[in-house]
Amino acid sequence: MTEGTLYGLCSAVLVGLGLFGLIMHPEPLRKILAFNLVGGGVFLLFGVVARKGAAAGLGGDPVPQALVITGLVVAFAATALAVALLARLFQETGRATLQADE
Amino acid sequence: MSSALDVLTILSVSTGAFFFLAGTVGLLRFPDALSRLHALTKADNLGLGLVVLGLLFQAEGFPVALKLVGVWLLALLAGATVTQLIAHIARMRGSTM
Amino acid sequence: MAFDIGLVTLVLGVAAWTIGARETFAAVVGFVAYGLLLALVWVRLAAPDVAMTEAALGSGLTGGLLLGASTRLARTDGPAAIEKPSAIMRLAAAVLCTLVSAGLAALVLLMLEPAPTLAPRAMANIAATGLSNPVTAVLMAYRAIDTLLETVVLLLALVGVWSLARDRVWGGLPGPYHRADPHGLLTFTAQILVPIGILIGIYIFWVGSVAPGGEFQGATVLAAMWIIASMAGLVDAPPVTRRWLRLALIAGPALFFAIGLAGFAIAGGFLAYPESHAKLLILMIEVPVTLSIATTLALLVAGPPERAPAR
Amino acid sequence: MPGSATAGGFLLVLAIVLPVAGAMLSLVLGGRYAERIALTVMPTGVVVAVAIGAIVWRTHNVLQYFVGKWDPPLGVAFRADGLSATMIVTAALLICGIGLFARAQFSLPRCVEERAPLVFWILLLTVWGALNAVFIGCDLFNLYVALELLTFAAVPLVSLDGRAETLTAALRYLLFALFGSILYLLGAVLLYGAYGTLDMVLLSGRIRAEPAAWAAISLMTSGLLAKAALYPLHLWLPPAHAGAPSPASAVLSGLVVKAPFFLVVRLWFDVMPRLPEHAVAQVLGGLGAAAIIFGSLVALRQVRLKLLIAYSTVAQIGYLFLMFPLAVKPEPGHPWSTAAWTGGVLQAISHAFAKAAMFMAAGLIAEALGHDRIAGLAGVGRVLPITVFAFALGGLSLMGLPPSGGFVAKAMLLTAAVAAGQWWWAVVVLTGGLLAGGYVFLVIARSLADAGEPLSLISTISPGRQVVVLVLALCAVLLGFVPLRPLELLQIGRPDMAIGGVR
């Protein structure tokens, strides 16, 4: 087994773990956290693909690596928006949950 | 020549790693916040310093050496500040955390 | 390999802790550690550019944002008040997620080795971009449209965050107020750290054309310096209606668009660069983009306007 | 190999740049100018959209552009076939209509900048640019960025009024959308790992029936379904679409949910035309059928008008997915398969116009009455006749009654179902039509009822806004009169389909 495959397996477990948190945690903040965790796992898979595509004197394929950089920035933007929504919701209601009022 | 430097590096980095370990044990075993912080920062600053020292022997050229020392100094600054802030809060709460 | 196995064990352990921790605060701390460990993984995967982004943005700035949120929302009703999903639901979800993991793991094991790659093409064309860091060449030349849209995504996220202000504080200052303590340790640290940090940020951005680094990593460091300075009370965010602030926000994407459109005239296509001036044009884009991203990131962390404008 | 870039390809770039540049200019010049900038960009954007449509129609070929002159797989391509061109024109016309309608609600004060109007115009323009980017995108990662842009522009539209309910709705919407994006991205990386490209055209040539491709299409489809709110992932939609200000509801229900649907169509029919199995397509159709029945039944029980319309969106999204079991294998290119495909796409377009008109009509009614309780609608038909008429016309399309675009779309699905011998889908289409008739009739009958005493209106509605709503509703109706030949436009650039099969 190469180190690429090892990290690939790691990313598979991370995705499963994170998805579980994303689906099961009732608190939105924990969901946001889990979303970032899955994101880390998915990006890691990009890295594994890049590593397995090492060629032309490079340690990895630069295209997936660049995609991860873009992806990380997008994930941060998503987190910031979600946190701001949650903070405002907390201001309005004193609660930070998604429970309906009905 | 280079093997002598390698020995120095191994010695220095190993000692540094030991201090990290000691600091971590202190963090886990000491009874209250202040002494935990004490163990952590003392050992970590020393540990990092020794690791950096060890790596200095391997540095290719002056700029790299400067960056390494810079890393240590910045870590010292950040560590000291954060420790101070945590200690402040610990004292205000009067708890053992 | 032994090191890699140890690292993977640590990453998985910290990830499980982050998902399973009872306290949100503890989970966030776990997440920051998770990000830093992932940065190490990226180094092991020969992707130092990504490692820097992960450490700075994925772990650092995201961690800061979530830490802030977890303390802010700390007074929320305890876990008891929130309905936990039933045991059957949890079991079903656990089975589903295990299946996803197992499937992915199988696919990883089935993956081609060596995998199909664009590395040779990226290197074959790199001379035309005037850059020598292939990752930057992908971001700024081959797939510049992604980077351009991404700067717009950041801007839009900020508009979205600002849209959450209360109407009466529109035009006010973002985020909570930090009072400066001129003799405080934080002030002292900020005074020393911020100039060094700014220098490092600019260096990381500058070196990006030839070595690991680039505008996103540099901008994140710059944003972090602003956040530290504002926490120490040394600087305060300007009111969101300030014209110069808005200009700083759009300068990057706007110049990116402008030079992209100029490509129609000077290089025969949108976002195409004439070979002789490619490096200069890319630099002309990168400088304002770094500035705009840094400003946007810092303001995204600061949050919507909260303090009424002084009239 | 993909062909080379085509003349006129720069129009594709303009379709994205124009709205986004308008949004940035609005941000910098501030609230006072945002509305004027938007109203200037809109007609220009329509010209660009129509030009794209005209070129594709006249040349009978796809419009293609390689950004930065880097051709795939290294670079990113934009590509407009008949389907993209149709969606781009639809989006342009709808955005214009919604923009004209929103002027009264988000008009800007002359002296100080206000939050809601500034944000609304910026978001509206960005939604437009992001939609265009989705419609012409040809690279799976570029499409991911475009989808995220769309999400970040759409979510704040929901919570523009800052009430607790709409904030909750927006947050739930965002979480569902992020869940969807992650699955989509996971699929994309699997495809890159297996085939070394993210370009749809290249992928369609390389893809084989193997585990990686299977996993990728399942993950991406599931992610997109969460974003498209297909039952049972629809939970976020009703509160979000019903809680938003009515012009925003029109954008969200009419256009935004169509973007992920559009990508599912792309994936299933263009990227992996030979891959999906009939059984999987049946599952997708089954979810669609469940959405139709469930959404319509819940809509019937609603007390508030906007929620009724939102649940009707859940149902109408279901129709879109009926095309999959009918158009996917075993025989692509078969006449009924083309009919089902065209019917599905036509349903997306006619629903866009009809639903936008209905949400805006509901907005006007709520503005006039100060509430949107269905029980309190009596007499509205007398004070807002044009609005109620527009609502009824939109309803016609939802029910699938002639003459309307919805009728043609549903008739095509019905014909395809019968021809394919899958009669159960025909039953669903007919039942859905009846239920839609039920909830539309409920509203119309209420509005036309005698109030007994004169209605007290809290504000008067200008005829101009009512006319805008009517025009959009008429568009949905007019789609039913379009002779079938122009529907060939939809087929341009589709290798597998027999042109003229819809006749």
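Points worth noting:
Per-chain residue numbering starts at 1, and chain names A, B, C and D are given in the order in which the chains are listed.
We take it that a contact is a pair of C-beta atoms (placed from the backbone, for glycine too) under 8 Å apart; a residue touches a chain by one contact, two chains touch by 3 or more.
Just so you know, these numbers come straight off a predicted model, no measurement behind them.
The interface with the largest number of contacting C-beta pairs joins chains A-C. With each centre defined as the average position of its C-alpha atoms, the distance from chain B to chain D rounds to 57 Å.
With centres defined as mean CA coordinates, chain B is found 31 Å away from chain A. If you average the CA atoms of chain B and of chain C, the two centres end up 27 Å from each other.
Chain D has residues 74, 141, 145, 148, 152, 155-156, 159, 162, 167, 186, 190, 192-193, 196 in contact with two or more other chains. Each of the following residues of chain A touches two or more other chains: 15, 32, 45, 48-49, 52-53, 63, 67, 70, 74, 77-78, 81, 85-86, 88. With chains as nodes and touching pairs as edges, the resulting graph is of another kind, matching none of line, ring, star or complete.
Every pair of chains that touch is listed here: A-C, A-D, B-C, C-D.
Residues 5, 10, 13, 17, 20-21, 23-24, 27-28, 30, 65-70, 73-76, 112-116, 119, 122-123, 126, 129, 133, 141-142, 145-146, 148-149, 152-153, 155-156, 159-160, 162, 167, 186, 190, 192-197, 211-212, 215 of chain D are the ones touching chain C in the complex. Only residues 2-21, 23-27, 29-30, 32-34, 36-37, 40, 43-45, 47-63, 65-70, 72-81, 83-88, 90, 94-97, 99 of chain A touch chain C when the two sit together in their complex. Against chain A, the residues of chain D that register as touching in their complex are 74, 141, 144-145, 148, 151-152, 155-156, 159, 162-165, 167-168, 170-172, 174-175, 178-179, 181-182, 185-186, 189-190, 192-193, 196, 239. By the touch criterion given at the top, residues 1, 4-5, 8, 11-12, 15-16, 18-19, 24, 27-28, 31, 34-35, 38, 41-42, 44-47, 49-50, 53-54, 57-58, 61-62, 65-66, 68-70, 72-73, 75-77, 81-85, 89-90, 93-94, 96-98, 100-102, 104-105, 107-109, 111-120, 122-124, 134-135, 137-139, 142-143, 146-147, 150, 153-154, 156-158, 160-161, 164, 214, 216, 293, 297, 300-301, 303-304 of chain C touch chain A in their complex. By the touch criterion stated above, chain A contacts chain D in their complex at residues 15, 22, 28, 31-32, 35, 38-39, 42, 45-46, 48-49, 52-53, 63-64, 67, 70-71, 74, 77-78, 81-82, 85-86, 88-89, 92-93, 98, 100-101.
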